[in-house]
Amino acid sequence: MSTTLEETPLEKKAPLLGLSKPWRMALYAFAGLVVLSLIRVITGANDLTSAGTVNAAVMLAVPIGLAGLGGLWSERAGVVNIGLEGMMILGSFGAGWIGWQHGAWAGVLMAIAFGVIGGLVHAVATVTFGVDHVVSGVAINILGLGATQYLAGELLADSPGGGETQSPPNSGLPKPSIPGLSGLLEPLESKHWFLLSDIAGILRGLFTNVSLLTIVAILLVVLTYVLLWQTPFGLRLRSVGEDPHAAESLGVKVRLYKYYAVAVSGGLAGLAGGFLAIVASNLYREGQTGGRGYIGLAAMIFGNWRPGGLMMGAGLFGYTDAMQLRNAVAVHALLLVVFALLLGLTVLNLYRRRWISAGVGLVFAVLSLIWYLNTDELPGPITTMTPYVTTLLVLSLAAQSLRMPKASGQVYRPEGK
Amino acid sequence: MNKLNADTARRIGLSVAAPVLAVALSVVITSIVLASAGNDPVETFTQMIEYAQEPRTTTLIINAAVTYYFAALAVAFGFRMNLFNIGVDGQYRLAALLAAAVGGAVELPKVLHVGLILLVAVIVGGLWAAVAGLLKVYRGISEVITTIMLNSITTALIAYLLTADKLAVQVEGSNNIGTPEIPASGRVGGIDLVPDSKLQVYGLIVLAAIVGFLYWFVIERSRFGFDLRATGRNEEAAVASGVNVKRMVLISMAISGGIAGLVGMPQLLGASYTYSLDFPAGIGFTGIAIALLGRNTAIGVAIGALLFGFLDTSSQILDLEGVPKEIVLITQGVIVLSVVIAYELVRRYRIVAQQREVGRQLSSAAGSEDSKPQGAQA
Amino acid sequence: MKPESESAGVPAVELKGITKRFPGVVANRDVNLRVMPGTVHAVVGENGAGKSTLMKTLYGMHKPDEGTITLNGEQVVLHNPSDAIARGVGMVHQHFMLADNLTVLENIVLGAEPKRWGGFGLNRAAARTRIREIGKQYGLEVDPDVLVENLGVGDRQRVEIIKVLYRGARVLVLDEPTAVLVPQEVDALFEALQVLKAQGLSIIFISHKLDEVRSVADDITVIRRGTTVATADPKTVSSRQLAELMVGSELPSPQTSESTVTDRPVLEMKHVELVKDGRHLLRDVTLTIHAGEVLGLAGVEGNGQAELVESIMGMRTVDGGTITLAAENITTWTTRRRREAGIGYIPEDRHRHGLILDAPLWENRVLGHQTRHPNTSGPLVNRAGARADTERIVGEYDVRTPSIDVLASSLSGGNQQKLIVGREMSGNPKLLIAAHPTRGVDVGAQAAIWDLLRNARAEGLAVLLISADLDELIGLSDSLTVILRGELVAQVDPSTVTPEQLGSAMTGAGEAA
Amino acid sequence: ACGGGSDSDTVDSGDSPTSDIKVGLAYDVGGRGDQSFNDSAAAGLDKAKDEFGVEIKELEASNGETDAAREERLRLLADGGFNPVIGVGFAYATSMGKVAEEFPDTQFAIIDDETLAETPNVTSLVFAEEQGSYLVGAIAAEASKTGNVGYVGGVNTPLLQKFEAGFKQGAEAVNKDIEVQVKYLSQPPDFSGFAAPDKGETTAQGMIDAGADVIYAAAGGSGGGVFKAIKAAGADHWAIGVDSDQYLTAEADVKDIILTSMLKRVDTAVYDFVKSSVDGEVLTGVQRFDLSDEGVAYSLSNEAAIEPFTAKADELKEQIIGGEIKVSDKP
């Protein structure tokens, strides 16, 4: 018999130039690089693609990415995790507290352990007691803060070089480079040639002074993809986030998988905190996380609950944050990048016949160009907005096809309970 | 009817059970934490309670609660239709800054002056929140992301505006910087609400009460509130019933932001008269916890605000007595959790009870064939 | 009717003395069921009779309070679905148990995944091969790599069955599998069942459609109020007799009496177009419904019925054409304004579109009538008015509930539906859109709803009826229109058409011929 | 102010350290153990306690708190018989104004604010940060080979802007073509800029990449990150510390790149104030600590490194003390 599927074909976007997805992404990336390079050459803001920027971007992106990854694990199993921030705080404290006494790796493990504890509290509340996920998350944020401050008072107050609000420094972790690469690329980068120097800069930034924990973080993203999308374990975990009753009817132990997921989520958030206290700086400090848990959550939504997208979200955030911290001139040049981006999107929207989006995009494009042309540098405070404004801009102009796991945020009650 | 009385008694019993259970649970957990670090829990609680009873402290608690109340209502308003306004923090700070700037720049008759400041605050808060609403409605971006981003953008914006060549004045000899002081006509005097206290309760407590009442009235009694709650509970059904969800999102976000705009007002008009670097921050986040604690109802939120006010204020005495005052944060977190756990347990019990009732009615109906049991409680 | 059959051999399934109590309800009381291998065994009964509960017991989803389960002669205790699956019992639930955002393959293998990488990885290739094999073997073909959300109901049904077969089930429980299928799909399903039967599988089949039951089943067990009251021989029993066994009352029929159609048009749609991303969801739809007329809209799900309804309701903006209600052009009106102008709407999915499950009944009464007397006065909700009117509906429409303060979620589906019907009939509507008004509703409630529709029609209401139940459609409609790929492709006369003819028109088979 | 650094001995040191004076001190956010501003105050208090045997009570502030909370903190101290009561940080200005009125017999002191100069029982302990910063600015310009120096501020407040202003003027006094890169790590009320070594490092790295070879880290706990970046940049790159002598307090592996530190002797101010109270001649009014009394200064502990620049710095110092150079406190 005929199926309805053939009669009502899927809504598919016209694929650009008939390319498959990976190639399309590569094409977009390359086009982006060309534009960036062009703007760098025009404005002379060499920091746009310098090794230093890329390196700093990675450092700033990792904790956000890890927190986001934590959010992803949890939400894929249907549990919203607003408590990432609290779990990160716990992690940073765990790392700082143990790190200075027993070494950085011990600190990392403690960060994960503390995060897992936070995750388990969340799991008990949301899975066992069926508490609203947001409420539990908010409570965990308060608890994470309170517990660390309390513990710091008890455990760090009399430590050498530490105090109630900070731990003594730890030894940190090695930051290896690919030998010889930097020397090879640096001359090329410093020529500031179109495209070639940019590629050299980016490669040099990516492969020199990379903390071991950064490598771990990237492996975790890959591992997450493999685990969640290529194994039975992952299928079960995701099914729990999509339709727990269907999963249950096939014998999947729904609550158990939720527990796994939320515990891993906590561990990853804890690791994100640990990264701050071991790699980004080498001590715990009160207030160190600075809302990165929330940003991680945003990066996860930005990335459409997928590891790859999440990495892009965190990367975008890290890149723009690095830019504003490092170089005011480059931030100013970013206005031109924004202009180019908006213009590109406008063209795309015209191609797709989305007239209103195209119009709005064009207006903002022109505005950013005018802004660029009429200023030499952005006022200091304004530059600190860069990552946030960019995120909003990209989100509001990109096509919206975000889809969260269907049962995310729903309190699951087993059949017959 | 006897059964009715029994029912009412049980209902009241149940609604009291949850909070009592919750408070008990959080006291126990806090005590364990305290005791494990060698602090005497009984003594600690006694100190806090005794301290809270001093007229001066009572006043402080009420004042803290007034501020929290606005914040929590702002968050709760969004929650009632499933909007998570994490941006109350940014909204109130921006609103307070601009309201302070306007208030400090003009001289008007008292009522007009105060009214103007409040109006500016509400409008600024509302518009700033509406940005998130617009992005949600027209670009489909989750308000969770936008409001998080807007909070940070607000901080940068305020830093930009709060300089001597923009909205602020630099007082000689001060390392602070703030907007020009609001003249007397724009201030709201305190009220001697607590006997024997030299301190006064914020005059804007009256406004808080009014807003609380309006909140209840609009949500529970008005058509708009019905639509709002319907949307929050089943958006698709609301759409089918004729609710324009996009409009509702925009309006609710704006109203939530408008209430958020009032958060800074007790402080601004009743105490500091200027928006300066040390203007209180982070109240928006406390508001989230209190809204959830108070289950998004006007009364519940008021109680939650008082509870948080009590904990925050009396933490000071702990410091003086050498007990780590961070314990209060732990108590707050535990309370939020245990309240919802307690409510959840009671809710489960209630549903089971209700289904049992329906089941009983149905089987008795089936037993007597076609007799209809409807309207049993008419 | 025949006495307890004493056929030879070991039964595939034997349930003895099963009792299952829920708080306040005895869902099953001393139920006995005996299913022989290689047979289709139908279980029938009213809504809430306890059929699903019994099946869930057999599937290990809950444990019976009393009684025993014997599978192939071996008495077993099932702690969870995995136990049942391991013993060859598979169940297709009344409501689809499929995760929309997972692929067909993922839905099928979930919980019984083929492994690779030394047991660590998910072996999709092996799964794909196996699914194709099953497809060929039983005639249940479906693309393993599409997302379930893109499937129509027929395909979903097949996925559910493959899911069970994939686990090597020998006993297949189908809980109301045909409620949402068109006749052709039902035929296809029954063909598949014959293949399964021939291979020695046992099938337990639950349905409210008694004709189907008689045509497909080898044995029938009737459950009434939680207990088995009779078994019947499908070859000898009539539908009417079966129904009487189920409810102990006369079988209602959807036959309309004489026509009440007037020449006063209520709803007119002219050349209505609905386009999304360059694709026509509705194309040149033109129709008229008169006062006192029931217009039946037949079509396979997903051919534009929902879009048509949503266009009339104003939940979608049309891209062309006009919609007129009682001579007023309402094309650009909001949903609320249209409702105020007199459109009632019984949505197809009551839980999603019709009710707020965690609100009390009286608030659900207000829903959709937020701006109208007696629910509201001015900008305020009139609680007293709304409550009084809810009492009226509960009384007039026989909604069985202890109080109007209970949550809508505590009512059974049939009673929820009656509440919705009552609500939508309130406030003198001119037009009623009724989408699947009796879906999943038992014969008793069904009859009541049919009566209500007939009465409304007699009072001059125009009704747009959409139903997958072709008997209902043919029986109630004054005129019938077939929708296919967003176009109205045929007009048929309900007094002469048969369900089979209608079915072919719906699938375009008639068109091609 | 009464002269002398923290190492000047006092007459009381020989006596048995008991005193019936109770000193109350209310910290700024961060509290004791912040390795920065608050710790400096704590050091002065500890010293006074050791030497005079005064009883002390320290209370902590919370993030984002209201004036009412600060008020209550001061009140609790005054009410508890603590006299004098010290408020660390300008945030106490408003609250101290009110509480001082309620307790006219208690002597209060506030650090970093002089708006209460007219209140008789409040002593203002303020510093000429711009003067000290001027000197390290000059040193930075002298030490820079690239003609490009950096200023990393923790949080963008008027107080930190004084550091920036002094640094710039000092640098320009030595080399009028010098390029001074300026960056604040956070904006109030986000005070994380004092606690974000990672951001300090990123920012410093950016400044170095843009040509800076000497960076002044006026960023509290974030300074550690700046030192790391300078260390990583290799020879001929210098960092300048702030508040305390960071050559002595920083982590061992970075200390050698700390050229000098701009000392802001909060400890001295607290100590002197408590001492005056013990002595029965409590300091009142505005107590300004500047170059002339070494309330602000630049440190000499990295002897070999600073040696080439002391001559010029000392010359400028004399000119400032002598009034020939006026250092503005606005950037």
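As written, the chains take the letters A, B, C and D, and residue 1 is the first residue of each chain.
The rule is simple: contacts are C-beta pairs under 8 Å (C-beta built on N, C-alpha and C of every residue); 3 or more make two chains touch, one makes a residue touch a chain.
Source: prediction; values computed, not measured.
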Comparison of B-D and A-B (more C-beta pairs in contact): A-B
Gap in Å, rounded to a whole number, between the CA centres of chain D and chain C: 76
CA centroid of chain A to CA centroid of chain B, Å: 30
Interchain centroid distance [CA atoms averaged], chain B/chain D, Å: 39
Interchain centroid distance [CA atoms averaged], chain B/chain C, Å: 44
Sites on chain B at which at least two other chains make contact: 155-156, 159
Sequence positions of chain C contacting 2 or more other chains: none
Contacts with two or more other chains, residues of chain A listed in rising order: 381, 384
Chains touching one another, given as label pairs in label order: A-B, A-C, A-D, B-C, B-D
Parts of chain A lying in touch with chain C, wherever the complex brings them together: 1-5, 7-11, 13, 230-232, 234-236, 238-239, 242-243, 245-252, 403, 405-406, 415-416
Chain A-facing residues of chain C, complex: 56, 59, 61-62, 80-82, 85, 91, 93, 97-102, 106-107, 109-113, 115, 120-122, 142-143, 146, 150-155, 163, 184-185, 188, 276-277, 279, 300-303, 484-485, 507-508
Touch list for chain C against partner chain B, complex: 22-26, 48, 225, 313, 315, 334-340, 345, 347, 352-359, 363, 366-371, 376, 379-381, 383, 391, 394-395, 398-407, 410-412
For the chain B and chain A complex, residues of the former touching the latter: 33, 37, 84, 86, 135, 139-142, 144-146, 148-153, 155-157, 159-160, 285, 288-289, 292, 324, 326-334, 336-337, 340-341, 344-345, 348
Touch list for chain B against partner chain D, complex: 56-57, 60, 63-64, 67, 93, 155-156, 158-159, 170-177, 198, 267, 271-272, 277-283, 312-313, 315-317, 319-320, 325
